[in-house]
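Next up: the structures, one after another.
In the two assemblies presented below, chain A is common to both, partnered first by chain B and then by chain C.
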Partner chain A sequence: MFAVVKSATVLGVDGFLVDVEVDLARGLPGFEIVGLPGVAVRESRQRVRAALKNSGYGFPLKRLTVNLAPSDLRKAGSAFDLAIALGILAADGILEATKVQDVLLVGELSLDGSVRGVPGVLPMIIAAAGRGISRALVPADNEREAALVPDVHTSIISSLQEAITTLESGGQGRRPRPVNYSMEPAEETDLQDVKGQSSAKRALEIAAAGGHNLLLLGPPGCGKTMLARCLPGILPPLSLDESIEVARIYSVASQGSTPLRISRSRPFRSPHHSSTIAGMIGGGSWPRPGEVTLAHRGVLFLDEAGEFRRSVLDVLRQPLEDGVVSLVRHGYSVAYPSRCQLVMAANPCPCGFLGSNTKECHCSSQEIAAYRRRLSGPLLDRIDLQVWMGPLEKTDYLEPGEPSALARERVLRAWESMKSLNGAPLPMTKEAVTVLESAIERFGLSARVVAKVQRVAGTIAALHDSDCVGLEHMAEALSYRLSL
Partner chain B sequence: MNLRQVGAHYEELAAKYLEKKGYQILAKQYRCHRGEIDLVAAHGEYIVFVEVKGRRTNRFGTPAEAVDWRKQRRLYMTARHFLWVNRLHDALCRFDVVAIYTKGPDRHCIQHVVGAFG
Partner chain C sequence: MYLWGLSLLPYLGSIRIKRLVHALGSESAAFHATQRQLQTTLGMNSNHARAIIDARSAMDIEKKWHDLNATEGMEIVTWLDTDYPYRLQQIADPPPVIYCQGDLACVQGPTVAIVGRRRASNRGLGWARRLGRELAQAGLTVVSGLALGIDTAAHEGSLMTGKTAAVLGTGLDVNYPKRNRQLAKDIAHSGVLITPFPPGTPPLRGNFPARNRVISGLSVGVIVVEAGKRSGALITASMALDQDRDVYAVPGDPLDSGAAGPNRLIQEGAKLIRGAEDVLDEMRLARQLPLPTLEGFPGEEAGKAVGPLGDLLSHLGEPLHVDELALRTGLSVSKVNSSLLRLQLIGLVEELSAGVFQRVS
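After this line comes the complex of A and B, so read on.
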């Protein structure tokens, strides 16, 4: 009259195994779930009862207690439904207990007995693999995630009945189809559609090759947004491990029933400027990943950066530096990865025409100062490439641009050569050292800025196929820092 | 007939119906401070707690629907009291609803919902 089956829950981007213990006792009939269940878990009683009935199994008229162990870990979501239902059948002797133990069971039940997808299946299977569990049943909606972990023999199911027959037969069940990684970038803008702006395009290429942060400043309509949207098209691809890292985040953030996009191209996120702090770095009493985490290993693009609330921009400082966001909640903390590249586009002043030679700027100096202050010093400190984009000249419109494919080739070559160095910096020539030293003296650069300038100079040297950082590379790197 | 007499009449009909089906009636109108159970019967190894509902029309919902959450709670607590008093801690239990529709003088239609809730 007792059975225990395995399920899992998610905290942050990590899965945790949960033992679902089911006890059936005589006495007044009842159904109770203990072990810090959230609201959705408690409601699973109604779903399990109906799903069992509608799959042709009676609901036992006994006193039913379900314990979710470890009982001090909070459980949320509907992923335990399948495990609870199968645990009841095992405790009632309808299903052989040896056939369900040590099988990871994940899925939400609908009232008619079909199984729906849930968020976080990928980290759950990874956690199971880490604990030596070799068999899993997951919803067909989460097929792609199941295919990513070869260590666990996973079957996909679309109904409670299918789960039972798969377990009883002891056979393969339905195996997930292998995943084909999509290579297409999320955004389909080509560099040749952006007219003029050759110096900004050059900075974009450097940013893509070295993963540097970038600020594009200029009047409205000069192509800032379009240029930024070209970035995904010229970025180097994710490694296999990185793409699984990214898929893990999207698995946790997904709605569960939409199939996960598993891609080798880097994520590109552009949150609206009305975003809140919780939306940016993650939050909620039951934390969800924010935009910095969704942009992990990819690009976080803030269009109209000057319109963001200053507090929202400032919370980005620590995640950008550390590559991780730690959120502390009552009784536990979660860490979300946030290693992303920041790209910002902004107008130079509220009206946007400061520094333009075609239109006059009507902003007062106070307005301009207030506008600029939103991009605080410490944040600008972290932006390696700061580029001014002027209005277009007549001739720019006719000049044929270079397509993204060519730029991507150069970026890939530089990226590969830097990867082969394993993070070791390129040696600097004497002249480069002299220029850097004089810049430190004249502009009082902080230690962080110096380190970042050196990294940018290294990227520029790699783009030029050079084996050391020369004077021209260092000078160009310094110019991106000091031009504004 | 006043309301109480009507209720007693329906309970009588339900008891007769259950006895015909092989149930052994253990108690009628079992009361404690928590509430009241119309019929308690033994059926096989089960102790069955029966709520009897009578209706002339379905205009206000079916009789079975009329046993709402609060009523269920009250029945549950009373049943617990019954089991305690009679030292039946390890019994298998069930809650049934017997719905009786009056079709005319001495013409009834009886609906028996087995394991209605719990």
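After this line comes the complex of A and C, so read on.
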């Protein structure tokens, strides 16, 4: 009158296996779930009872106890429904216990016995593979995630009944269709659609090649946003491991508006400037990943960066530096990866026309100072490249632009040549050193800025297929230094 | 000391102080004047005279004077002192006392004021910076008001090559505008900060006309670069006329709001300025503007701007954005950016603002 089946839960972006132990005992009929269940888990009693009944199985009139082990780990969500239902059937002897053993069971039940998808299936299967579990049943809704881990024989099911037949037959059941990774960037913007702005395009290319953080400054309508949207299109594709890393995050976050993402192109996230701290770095009492994590291995774009609340910009500092967000909650903590490239776009002043020759700026000097302070305080330290974009000229509309594909080729080449260096900086020529020294003196550059300029110069040298940082490379790097 | 004390009392401007000293014979007597004397010599009403007496008795002048003189770096100069700027002495109502920090002697030589609006365009700022630099290089001391915009640009430009004097509308110890804190320090170091206001005076609206009067008073001529219809720069210009100073104006596009001021001045007879040479000609000063060279700079043949650098320079007679420059020369942006930076380091090109560059003079 006892059975154990396997299920899993998610903490952060990692899956954890959970043993679902079901015991049927004599006594007054009842149904208890223990082992730190969250609200949705406790409510699974109602769903399981109805689903079993509506699938043609009776609900045992016994005293029923379900323990979710390890019992000190908090569990949330509805993913245990399927395991609990099948565990009850196994404990009741309806299902052979050996057939359910060592099969990962994940899914939410609906009252009529059909199975719904749940978030976090990918990390759960990865965790199962890590623990040597070779079979899994997951909802058909999560088919695409299931196909990503070849080590686990996964069957997809859409009802409780189908789950039982699959288990009883001991066969494969329905196998998920293999996934073809899309290579195309999700954003349709191509560099050749951006008119003019050749220096900003060049800076974008350098940023892409070296993974540098970029600040675009310019009046409204000069193409800052459009240009930033071109960045994923010229970045090298994700490696297979990286794309699974990214898919894992999206698997956990896949609720409501964030669809699952299985692609070799890099994510591009552009949160609105009214975003909250929890929205940016993740949060909630049951933490969910924030924008900086959804942009992991990709681009986090802050449009109208000066309009973000200062506190929101402030909290981004640590994740960008460490590549990971640690959120501590009562009794546990989660770590979300957040290794992303930051691109910020901002107007030079609140109205955007400061210093423009065509339109007059209406901001007071206090407003401008406050606006700059908001930008400059927290995040500017993280910016390696800065470009001022001018308003479009008449001639810009006629000039045929270069398509993203060409820029991407150059970026890829530079990327690979830098990878072969293993992070060792390129040597500098004597002339490059002289230019750097005179610039330090002339512009009063701080040590931090100098370090950034040197990094950028290395990237430029790699873009030019050079094996050392020359005069030209250093001078160009200096021209994108931060001056805001 | 007593003259200084008089300058701190309410209702007493420079003209009244002059009259009082003249009538009573000495500064000390004027400072200690009775209510009756105040009322008869100055024709004041009794309330005002009462206020003066009250303020005087509340003030421990000797201690205050002593404390102030002990302040590091600050000098108090009254119109009785020989180092009081002689040009300022000549105006109708010179401030009895000025407070200064730096080298006051630099306003005794040839001076010119550059004034304009705070919220200036790129072009205006570029002009102010360039005029400041070139005029300072020719040996003039450039006077301005340390305000944001044109004033700041003029100070910055002249600091590059010579001396500049900033006239404040606040006490020397008040940091206004905040953003120019460093600039003020630089000016105190290689020029002079001057104010007619005692330490601690906040930036009050009413202070600025008095400051403008000192700016024009210190200068041989006043150049207005950009100014709106009711800009403070126009007040300075009209004061300059009252003080018998020359007024110069840099013309602008009539559709441009910043050109309304200077264009109006030109219409009323101000001298139109096309460059530093015009000012120097007018002031009968030698024009002597040596250019920096490429000599000794890495990667260049001695003294010559050749190849792409020379090509770039030939296009930079007018302010151009990097992108536009790349388009015109046919060079890659990467090349243009790196070349511009090098030209900037040599000092042949300057960034007016936001990616817009221009050849130096």
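Just so we're on the same page, the second predicted complex is superposed on the first by the 460 of 484 C-alpha atoms of A that agree within 3 Å, B and C clash if a C-alpha of one lies under 4 Å from a C-alpha of the other, contacts with A are read in each partner's own complex, and residues count from 1 in each chain.
Everything below uses one rule, namely that a residue touches a chain if its C-beta (ideal position, glycine included) is under 8 Å from a C-beta of that chain, and two chains touch if they have at least 3 such contacts.
Computed from a prediction, not measured in an experiment: that's the story for all the values here.
Engineer: Once the two structures are overlaid on chain A, check if chain B and chain C clash or fit side by side.
Structural biologist: Partners fit side by side after overlay.
Engineer: Touch test for A:T225: chain B only (first), chain C only (second), both, or neither?
Structural biologist: neither
Engineer: Quick one: classify A:N54 as touching chain B (first), chain C (second), both or neither.
Structural biologist: neither
Engineer: Of chain B and chain C, which one touches more residues of chain A?
Structural biologist: Answer, by number of touched residues of chain A: C.
Engineer: On the A-aligned overlay, A:W388 touches which partner chain: chain B = first, chain C = second, or both, or neither?
Structural biologist: Second partner only.
Engineer: Once the two complexes are overlaid, how big is the angle at chain A between chain B and chain C (Cα centres, nearest 10°)?
Structural biologist: For this superposed arrangement the angle is about 130 degrees.
Engineer: One more residue to check, A:G27. First (chain B), second (chain C), both or neither?
Structural biologist: first
Engineer: Based on the superposed arrangement, let me know which partner A:S198 touches: chain B (first), chain C (second), both, or neither?
Structural biologist: In the superposition, A:S198 touches chain C alone.
Engineer: I want to verify one number: the closest Cα approach of chain B to chain C after the superposition, in Å.
Structural biologist: Superposed model gives a least chain B-chain C C-alpha distance of 70 Å.
Engineer: Can you tell me which positions in chain C touch chain A when the two form their complex?
Structural biologist: Contacts found on chain C: 118-119, 121-123, 125, 148, 177-179, 257, 298-299, 321-324, 326-327, 332-342, 344-345, 353-356.
Engineer: Going by the contact rule set out above, which residues of chain B touch chain A in the complex?
Structural biologist: Residue positions touching the partner: 46, 76, 79-80, 83, 89-95, 115, 118.
Engineer: Residues of chain A touching chain B in their complex?
Structural biologist: 26-30, 61-62
Engineer: For the complex, give me every residue of chain A touching chain C.
Structural biologist: 196-199, 201-202, 217-218, 348, 355-357, 360-361, 365, 369, 387-390, 393, 395-396, 399, 430-431, 434-435, 438-439, 442, 460, 471-476, 478-480
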